[in-house]
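Order of writing sets the chain letters: A, B, C, D and E. Residues in each chain are counted from 1.
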Amino acid sequence: SETISVSGSTSVTEVMEVLAETYQQSNKNTFIEVQGTGSSAGVKAAKNGTSMLGMASRSLKDSEKEPELKETTIARDGIAVVVNGKNPVADLTKDQIAAIYRGEITNWSQVGGESKPVVVVTRDTASGTRGAFEDIMKLKRKVNGISVSAISQRAQVGNGNGVVKTIVANNPFAIGYISLGSVDNSVKALKVDGKAASVAAVQSGDYQVARPFLVLHKDANTSDAARKFLDWVVSAEGQKVVADKGYISVL
Amino acid sequence: MNKISIKDLNLYYGNGANHALHGINLDIPARQVTALIGPSGCGKSTLLRCLNRMNDLIEGVKIDGLVTLDEQDIYQNVDVASLRIKVGMVFQKANPFPMSIYDNIAYGLRAQGVTDKKTLNEVVERSLRSAALWDEVKDRLKSPAFGLSGGQQQRLCIARTIAMEPDVILMDEPTSALDPIATKKIEDLIQTLKQKYTIVIVTHSMQQARRISDRTAFFLMGDLVEHNNTNILFSTPADDRTRGYVNGDFG
Amino acid sequence: MNKISIKDLNLYYGNGANHALHGINLDIPARQVTALIGPSGCGKSTLLRCLNRMNDLIEGVKIDGLVTLDEQDIYQNVDVASLRIKVGMVFQKANPFPMSIYDNIAYGLRAQGVTDKKTLNEVVERSLRSAALWDEVKDRLKSPAFGLSGGQQQRLCIARTIAMEPDVILMDEPTSALDPIATKKIEDLIQTLKQKYTIVIVTHSMQQARRISDRTAFFLMGDLVEHNNTNILFSTPADDRTRGYVNGDFG
Amino acid sequence: MQSASIDTTAVPATGTILPQSGRRRDWKEQFFKILFLLAAIIGVLSLAVIAYFIFQESLPAFAEAGVSGIVTGTEWLPPALYGILPMIVASLASTIGAVAIGVPVALLTAIFIAEVAPKWLANIIRPAVELLAGIPSVVYGFFGLIIIVPMIQEWFNVPAGNTVLAGMLVLAVMILPTVIAVSETSLRAVPKTYKEGSLALGASPMFTIFKLLVPAARSGILTGVILGIARALGETMAIIMVMGNAPAMPGSILEPARTLTANIALEMSYASGVHASALYATGIVLLVFIMMLNGTLLYLNREKAK
Amino acid sequence: MSYTLTRARKIQDTAAKALIWLGASLTVGFLLWILWYILSNGLAHVNWEFVSSDYTSIGEASGIWPMIVSTIYMVLASIGVAAPIGIMTAIYLTEYAKPGSKLVKVIRFCTESLAGIPSIIFGLFGLTFFVGVLGLGFSVLSGALTLSILILPVIIRTTEEALMAVPQSYREGSYGLGAPKIYTITRLILPSAMPGIVTSIVLSIGRIIGESAPVFLTAGMVARIPESLMDSGRTLTVHLYKLTQELYTIHEWNQAYATATVLIVVVLVINTITKLIASRFNKATY
């Protein structure tokens, strides 16, 4: 049997594992080995051939790009802004959210809530989710001519959807953002500019807070089987798995 | 007046496997020297260790019978530490502590909360002088006790015990590692001490027992064969086995 | 014929701080018993330990001078383990190993690769008999050596050493913890042994030195004061200090 | 070697009991000596290689931002600024706190198991403590996040319980097994004769423990403490979950903060170029800290031993 | 004058004793609390099927058998590599190197310093070196080699301490009998130091089982029973880590607690077996 190696972004891993197993059911003699090592490691692995396919949950930086390195977007991930269930606030504008994350708004009363401090929870800079969130909320600023994150240095940082969700679920004053697929009734998803976060809304373009899941490869380093698998991932069959898992299909 | 009185004392090692003392009955008069003699392995150390409850520390030791100190059962309702302050002990194998010579002697006093430098210095010097060690170590009081010769260690342990000025002093072959001169000094010390204290000594030397003890008890294989005034025991022993032993034609 | 010959031997403890042996010159004849006597702390053990290089194990010991065994310098080009098989030692403080009585005796042979049960059983029994311990322990050979009395431990260590049948046996106060009977047996053993082996013994007992030794060396504060045929040394000592010591009116 | 026997009766002579094996033994001894030396070299070499690896990876960051820009910088804004002073502070604070809470508790527990507890109880607690060592840091982190963080929120009435204090508490628990296990074994290895001698002088068990046994086991206990401190400084997963990880300088132990280790773990999977290098530089700073700490302890130990 | 136990001393003693009990109670209290936390949430979701079946992300099966097997492999391989090296290093330092020599000090200093390097750095090193440079790929072997280096300091230092605590009189006795060094070490010194060595191994096992980042960066996270050391494997802790980082559903929560419960049992079993094995080596009787 043949082994296809895939490594990189931990977020993409979540959906990739399901894709791999589904694919294996109909292709008994292929084994797909999925390793979550982080986006950067995924890019590196695809470039130097340690893995056939690399995964990244963010767009490539210019310094990382190479002509032979091919990018395939296999899904998009919506991002929901969430607060504790006890928080009466239900709807915020992008500007308000950005002001909260910049540290300019520090009390819920400033956005129509109770007079309580805002506990801002963000993701680690390693997260593609954060990258997309910053892009969309325009949370960037320039220091020494270099563009850096504008999210307050005092914000709490959680390293995964699960952790952010748990913090928000346990803290009545907290606000955070998580992958749309992981929202459940332990937290409350806010409307952004009056629009509820949903797969349909993201697909229709109504809800713009989303990021791409990329798979990278070099033809020289990949087997036919790997390319065949990749083709299947972006086919209707593969994209159904993506949608079922709560991500947004690229079709 | 009897300082210590032992009634029907049985001791077993190894959870009853080894019956080491068989129904011992012995009175130890105050302010006298009582010598315990008998062949190696007959139970002398074992009995000695019963008198300050040192055997409590050995696992699997079972004791029955009665041991009283000043008419008080030492195995009942007694604070063991106070008992051992009253009943000091010099062990068969010299066991200096891993600290300086000075600290070894001062240890017991410090354990009772004595911190006064002057008192400590005085006691250390006096004890070392009594144990005939002062001249040899006065220039190296601060060096580790492990650097002492075998006989010096033995005298250190004697000094450590008399520094506490206990009521009763148990000595397990205190001069076994000493040359005649040092032995003489320790014997003189014992003669001085007995004016105030009660002394029980284990010795292998008949001559020593005769020279320094007022009473002698002869043990054989866990039995107390005979005990009496030293002169009587050595000159006209009641038991054949005693006669054989003290005349050196036993075994 | 001299088995061991010591020339201008100086020994310093503590990296030179403590000059413990001062230019010792001593010849030890083969198949005789040489006794080392002198007050506690004079350097007897130190000298003994030079003869099988036991002092190598103590940190900060400096030695100069020459020690030869069978005309061969033992501090040069010699395999120390082989040297110590030839020159066995009984230590001043009994030091049984944390194992059964049987294993203690068999240890040395096993270390040389002897595994034959029958040989081991024979040697263990013979050695224990020679050391006058067999009767006391024959029923508990498999129990831990730590459960032995002080004197029993001392005899165990003697048995352990003679089991190896060394050429030279160094004994540091081998009977200090023994009663007269056991002492007699060990002395008899020494008399038997000397027909084939060379024996050096440290003792505090003048009587013992007289009884068993052919030659005696008297030490004082690190100096070898005098050495001679035992009878001569005790009857007509050349040095006043020796006379004082052997007549017991020293110090 | 002379052949001889003790008894005059027929007994195998020395030569026949002991195999004549001088040469072979020599060879064997030499072999093992070299084997052990080799092991020591492998051990040390592998550790050295790692140190070298971190150093090498961190060079670009030091080249770009300068040592002072990294070590004394107060703002962490990759890819522009790489100051890690707040993280140094956070690492030190959380470790000191954890050690201040954890080490005394651990020492007392070690004493309890080795000296005070009845045997049956010691035999239960010892494996239980070892179990504590095997619980993954993720579990400690999760436990901290769900139990300790809300508790701090409530007791101290702060907006968020993800604080330096939470980190201290979780770390304190996490270093317990190391310190307890190593100290307890050292205490048990103290020769029985010391204890006998002390008790016979009428010293109470407590005096014996604190003035004789603990000093006698000092070297082992110190090793346990050092390994414990190292564990606290190096711990990552649990800390990430409970300390809030805000890169700003913490004003008090009731504010969130990010430790050096958390910084590495949080960003490494995403970082590339100088940013990644700066994370390795964080590792170097950590290493230097531990070395300074060890140097101090070594020095103190020597002073005390004198 | 004869000394008697003073009141002040008695009070101090009682206080000290109380303190010791307090310290021990705190430890045991924490322990029970954490155990209760895990077990009360997890026990209900542990059943034979959970323990014995395979795991798939599609949700057909959500057992943890492959993780249990991988964990055991990882422990065996890591200890198999690190324990001999660590113990031999410690032997070299205490029995061969000159006591108090520079070399000993340097090695001790290095090992202690490296004990504090965050485990993720070891993981990154393993990813670069074992997985990449040596070409071992994501495999149990890469993971085990990485973890071996991670636990080496603990094994070296703890064993060294244990060896140093062996009474010098044993060595004297043995060398005095002409016993070869290696015999003395294997038959007398190591058995006497066994409690300390066991401690170091048990602590290391805890570390191996409890690590996440350095494991998944080197051994990967394929949830399949590894067929050889060259296969990738997911340990229980990596599994747990994944579950806690990206918790999506209540089902995953339950799985996480149940996994933690099983993990505790695994730790207990492995520790017990370790001690049983060690006690067979430990001929020394006290």
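The rule is simple: contacts are C-beta pairs under 8 Å (C-beta built on N, C-alpha and C of every residue); 3 or more make two chains touch, one makes a residue touch a chain.
Owing to the predicted nature of the structure, the values given are computational and were not obtained by experimental measurement.
Chemist: What is the minimum number of touch steps required to go from chain A to chain C?
Modeler: Steps on the shortest route: 2.
Chemist: Can you list every chain that touches chain A and also touches chain B?
Modeler: Touching chain A as well as chain B, we find D, E.
Chemist: Farthest chain from chain C, going by mean C-alpha coordinates, please.
Modeler: Between chain C and every other chain, the largest centroid distance is to A.
Chemist: How many angstrom lie between the CA centroids of chain A and chain E, rounded to a whole number?
Modeler: Their C-alpha centroids are separated by 35 Å.
Chemist: Using Cα averages as centroids, what's the distance between chain B and chain D in whole Å?
Modeler: So the centre of chain B lies 46 Å away from the centre of chain D.
Chemist: Starting from the mean Cα coordinates of chain B and chain C, work out the distance between those two points in Å.
Modeler: 28
Chemist: Residues of chain A that contact two or more other chains, please.
Modeler: 10, 37, 41, 159, 163, 166
Chemist: Can you list the chain B residues in contact with two or more other chains?
Modeler: In chain B, residues 81-82, 85-86, 93, 108, 111-112, 164, 166 touch at least two other chains, as defined above.
Chemist: Provide the list of chain E residues touching at least two other chains, using ranges where the numbers run on.
Modeler: Those would be 3, 5, 9, 12, 180-181, 244.
Chemist: Quick check: in the complex, which residue numbers of chain D touch chain B?
Modeler: Touching chain B from chain D are residues 192-205, 207-208, 211-212, 215-216.
Chemist: Quick check on the complex: what are the chain A residues that touch chain D?
Modeler: Within the complex, chain A touches chain D at residues 9-10, 37-41, 43, 58, 61, 63-64, 116-119, 124-128, 143-144, 146, 148-149, 152-159, 163, 166-167, 170-171, 173-174.
Chemist: Enumerate the contact residues on chain B facing chain D in the complex.
Modeler: Contact set of chain B toward chain D: 52, 54, 57, 80-86, 88-89, 91, 93, 95-99, 107-108, 110-112, 157, 160-161, 164, 166.
Chemist: Name, in rising order, each residue of chain B that touches chain C in their complex.
Modeler: Where chain B meets chain C, its residues are 13-14, 18, 37-41, 45-46, 92-94, 136, 143, 147-152, 155, 172-173, 176-184, 204, 206, 245, 248, 250-251.
Chemist: Mind listing the chain B positions that touch chain E in their complex?
Modeler: Contacts found on chain B: 79, 81-82, 85-86, 108-109, 111-113, 164-167.
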